[in-house]
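Here come two complexes built around chain A, the first alongside chain B, the second alongside chain C.
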Partner chain A sequence: MINGLNLLFQFLDSFAFVVLAAAGLAIIFGIMGVINLAHGEFIMLGAYATTLASVRLGLPLVAAMLVGMVVTALFGLLVERVIISGSIPNAIGQRVAGRDLMEPLYDRLADSMVATWGLSLIMVQGVRITLGNSLDQIGTPLGELAYGGFSYSMYRVVLSGVALGVLVLAYLVFTRTEFGMRARATIQDEDTARALGVDTERTYAATFVIGSGLAGLTGALYAPTVTMVPGLGGSFLVEAFVAVVVGGPSVVLGTALAGGFLGGINALVSNLLGTTAGRIALLVTAIVMIRFLPDGITGFVERVRARRQEGGA
Partner chain B sequence: MSDRRVGRRGFLASGSAATLAALAGCTGVPGSSGGGGGSGDDTITLGILEDRSGNFALVGDPKHKASLLAIEEINQNGGIDGKQIEVFDPDPQSDNQRYQELTRRAIQQEQVDALWAGYSSATREAIRPIIDREDQLYFYTTQYEGGVCDKNVFAVGPTARQQLGSVLPYLREEYGPEIYTIAADYNFGQLSADWVKVLADENDAEVIGEEFIPLSNSQFGSTINRIQEADPDFVMSMLVGANHTSFYEQKASAGLDVPIGTSTAMAQGYEHLRLDPPAMANIYAGVNYMEEIPTERNTSDGGFVDRYYEKFPDAPYLNEEAENNYFSIYMYKAAVEQAGTTNQEEVKSALESGITYGAPEAPGEEEISLVPETHHVDHHMWVMRADENHNVEAVDDRVIPETFLKDTVGCDLTEEDEETQYTPQDFYEEAG
Partner chain C sequence: MATETGAGRTDPEPSGLLGRIRGRLEGPNTIGNSRAYWAGFAVAVAALLVYPYIVGAYQASRFSLFLVYAFLGLSLSVVWGYAGVLSFGQVVFFGVAGYTFGVVSVNFATPAGITGAFLVGIGGGALVAAVLGYFMFYGGVRDVYVTIITLVSTLVLHTFMAQTAGDQWTIGEAALGGFNGMPTIPNLALGVGGAALVISDVMFYYLVLVLLVATYLGLRVLVNSDFGRVMVAVREDEDRTRMFGYDVRRAKLLVFTLGGALAGLSGVLYAAWGNYVSPGVFELAFASLPVVWVSIGGRDTLLGAVAATVGIEFFRNSLGGEWAFVTVGALLLVSILGLPGGVVPWLDRTYRNLRGGGTTPPTETTDSTDPEVTEA
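Now for the complex of A and B:
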């Protein structure tokens, strides 16, 4: 038996989860060609910073969330300078040995995955060593929304609004700002963009910071709902990856479409058949998508449009 | 005293050692080695493999700490039969492959006299073949689904039949007959859900819905809706691990206020201390031990809780499994002293003579007993309830014997050597 409101709330819930889990990963992947396997741990960092700011510093929740986001963004900047671009090791190398120590990881998929996977292991164990196996947790605010014999967490409904807001904001940043223009130019043809005076290196750094900040925001938003343990990022990573695969190369549109598509499938199936079936449906969808639309939804749209233009010309 | 082993491994080891010694022309003091302990006659080596990092660190760390407490206490009081205890305790990091390597190392290189290892049933099953091949005396201390009848394994944690058998009848009386089961989707959860069906049948109740949830899942919106749709009198929850803990926070924020009975929450991962109230309000845990149980041995001045925090002032909680490690080390001490040797076959026989111990879980002068036939413990079980401020109080308690292996299966390890795990499906129609 399907209850329409249940389905709607479940859809909004899944949509928000997919979009927020994927946004940071998609932006970094789409623009820099770097797959950040520590994405889940960036989310964990955001959640931890939020919880600590709220519990230990006594900040109000919204301020604590801001702290979580900023801390993660700054951490992202550090990671970009040290590991992804290698500019700090290279600066040291130039001083000490007179040569660069490492190549940047831009557009090196496999290499970036190994490097960030290592980073994720270090982050999980580092947090475990410094803060222990768990943290006391903040409660979920805003209470519940009751309808008939059912009720849903108000906070989770609000999250879907935030997810939409993130998408709109990302769209505006990438289409209406100078940074967005430079970023798109860098994606399209890095060498030409550089020749035209775009500081691509700086664009990359800014992109990574934005992506990290979004991961931090996701962690901050979900901190009151998930268990605070060092491994909490793991449960976000699968959804994020599936969303990026399904969404395809266009960052904002892809994430939005993937969120809607996967959220719908997940809501429908888990409502009818339960949580396990919902997750199986997500993964089956990903398999089918990789088989028939290897470039994801937006890649497919691109292809169709290109073919139309050729046909018209 | 003689320390010679007569088990298969011991026989081979001492045989070849004697041969080697004879060949080399250097004979040591007869009977001075082979008793394990690696470092000679006057120490006993115990292997303690508990997770201090990885997935099970939260629940494994207190087990490790409580083991060290028991060992320190015994050493300070003169050791076991005058021998000091040494510990072999590397961190298996919640990794079953590492568990297998470390178990082999503990048995073959460190020659531990007894082994405590592992939190999850998956870990136990990963190392049980090694333990059986080597005839190693092994204590498994986690609460678990039950059914392991194995001559080398002393499964001293409470079983599903004991834990669910304490809390389910209580909730049936208090709230009514309709049950909704949610459980982790693996061996432990599936078998526990079968036990809920068996116990529902025995207590004139009915399971009206059942859902199994993958361990990696942390989002429970649809589960909460499905429970509301079924509208049960109470929920039985056998959710496991950090991801699943999110359920309690999420059901509270969604306004689901049905009573919940559990064998997994609070007593192991102290959710009532970690989560913000009222996430755990109206949750009933069927357990043999929690830090809060009101027994003399547990909460009095200088009691178990005091001694634990004196040794580990920063420890977050003293959990159910920690007590199981603690009292089973004392049971091992009693068995060695009764046998007069650390020879593993003889210690097993001594453990099978009906050892009892005044564990912190038992009130007054009561002692819990190790059942010779099944190697399980007739635990003193408690129903612990958390209120909206997360204060925990005992609402019911009594001794619940482990009847499944003894009566239903007919496992008798004093008569017949076995290495089997039985499941409720083999014996109950309801579970099938």
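Now for the complex of A and C:
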């Protein structure tokens, strides 16, 4: 019984981790066709901003987390304008040389990966230079949840609640708001959307800011639980990357299903064979899944649904 | 001079032995199909040959690491630049070969054993690439998903090798050593018994240099051959290539395996160079380096891969310290945004434009057909 509960908590923990790590990356990839390999470093930025706001400025934890999220979102805006859309360099180029300096990275998967990878190198090393190799950490709040001879961090339970909340909120934003409609129109057919008056440039910028803000939120939430080193984004990036691919084209549903599936595998194998084995199992599962479901879980679901509809007609 | 080159390329009639060799080495898929280029190439090789006499054995042996990395750069250039498969996992084959060389050479520490380990290591890299490539290409995995599978493979190996500290992870005499890696890998030795040669320091430098020049020339022949044209066709339009009756999956698998062997060669030499290999070779930061080199140099040129690898690593090492990665990151960003084709193709275009402006117009027309073939 205890073991079952233990497993459930472990599952919720992995699920929250995968979903929170992946949400921002999935939204940016799904709408803009840009893979942000600096996503882990965006999370790192959120965690650092939160910790600094809490330790150096003495803000209460929730306010500090808000700071972490806003700082990362603003940084995301800057990155979008300078690197992804290139509108700032191109404006400078137009003035100085009379021509654009670069092409936007939209829908250029490999190039966006390489460019954001360069950004992530700069961010990791930049943080190391300015703030040193580690940072004091804020303590985990909310204490322990105890039952019988077993105790569990209450904070981690809250995290899984937040993960679910993020999924619900993302779903509502994409299905119930004006922005969501424009964003989905942009995914479906960028040219037509533009012809119908959707400012796709702005949709892209807003998408990137939302994705970055979510990365900042993830960093802020995990700031009390991870060791504050400049390279902390690496572990988030991998899970996020894998979840996005396993999830498939439907952003919100895909992230939720991938989080559930990968979180389950990770929790089960970790419980049986230890954390290293759990991590390896998660990664190997991802490789095998990509091999057999190249469009991810939701791509597979859609294909089955389409086939059934054809059969019914 | 350039018109002459153009004629030499299109004209099937070889002019003597030298012309026939050049005909093999030149074609639309390589940069540097002129006599001036080969003169420059000879000068560069000569400079590298006398380099140890100028800077001394220690510096030369340090420099040989950058030459070792050049094979890794070449492996990605072939796989990504020519066949269009962006692999983020060339370090998988690099690392597997390094570990294989380590395990075999520690267990059979005679010259013959180490020679065997050298070959087994390269074969190990190629074999892993073949298995992974078969799994992917014959399963219909394409585009960015290949990149992700290769990237995740790197991480699996990193996680796995990092936990091999225990006694159960000892193969014969060789302990894998977890995070600390394998520290006592012997120097490279080639030959059998009394006729063997233990290779270290300056000798190692020369061995790597000779291998590198041979590999570079060999790959030039390959990418300008019929198979090279199929590779480029796969990169440009996979579906159309299949339509023309080529087996795209087989072509990709062959290229990927070749890339694995090249990365494996690099890994074996790396393990022999530092007498050491650790899970650090599977780290994300290291895995990204080949992508950095090849992107900056120009992914569809072999020369770009070699020059950028050696140049960037030399630069990164001399810079050292904390600013090295910032500089590499900035270089990567600026080059991918401003010069998406890479530095070497850009230099080549600039050079030909400058020359083309000065000489007769026909020169320009014969020359400008080439980039269209590769870039269309």
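Quick note on the criterion: the second predicted complex is superposed on the first by the 309 of 313 C-alpha atoms of A that agree within 3 Å, B and C clash if a C-alpha of one lies under 4 Å from a C-alpha of the other, contacts with A are read in each partner's own complex, and residues count from 1 in each chain.
As a convention for this text, a residue touches a chain if its C-beta (ideal position, glycine included) is under 8 Å from a C-beta of that chain, and two chains touch if they have at least 3 such contacts.
Being a predicted model, the structure only gives us computed values, none of them experimental.
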- So, on chain A, is it clash or fit between chain B and chain C? clash
- Once the shared chain is lined up, is A:S120 touching chain B (first), chain C (second), both, or neither of them? second
- Query: What is the contact status of A:G234 with respect to chain B (first) and chain C (second): first, second, both, or neither?
  - Reply: both
- Query: Which partner does A:S270 reach: the first (chain B), the second (chain C), both, or neither?
  - Reply: first
- Message: For A:L52, using the defined touch cut-off, is the partner it touches chain B, chain C, both, or neither? Pick first, second, both or neither.
- Response: neither
- Looking at the overlay, what does A:A22 touch: chain B (first), chain C (second), both, or neither? neither
- Message: Quick check for you: in the superposed arrangement, does A:T225 touch first (chain B), second (chain C), both or neither?
- Response: first
- Message: Taking the superposition on A as described, I'd like to know which of chain B and chain C A:V67 touches: first, second, both or neither.
- Response: neither
- Query: Does chain B (first) or chain C (second) touch A:Q137, or do both, or does neither?
  - Reply: first
- Note on the structure: After superposition on chain A, the stretch of chain B among 164-172, 182-190 or 200-208 that runs into chain C is 182-190
- What part of chain A is shared between its chain B contacts and its chain C contacts? 125, 128, 234, 238, 276, 279
- Across the complex, what residues on chain B touch chain A? 53, 55, 57-58, 61, 185, 211-214, 216-226, 228-229, 231, 242-243, 245-246, 249-250, 252-256, 269, 273-277, 279, 316
- Item | Partner chain A, residues of chain C touching it in the complex | 86, 135-136, 139-145, 147-149, 151-153, 155-156, 159-160, 162-163, 284-285, 288, 291-292, 295, 322-326, 328-333, 336-338, 340
- Would you pull the chain A residues touching chain B in the complex into a rising list? 1, 3, 6, 9-10, 13-14, 17, 125, 128, 132-140, 142-144, 146, 149-156, 224-229, 231-232, 234-235, 238, 267, 270-271, 274-276, 278-279
- chain C contact footprint on chain A (complex, rising order): 35, 83, 86, 89, 101-103, 105, 109-111, 113-115, 117-122, 124-126, 128-129, 234, 237-238, 241-242, 245, 276, 279-280, 283-284, 286-287, 290-292, 294
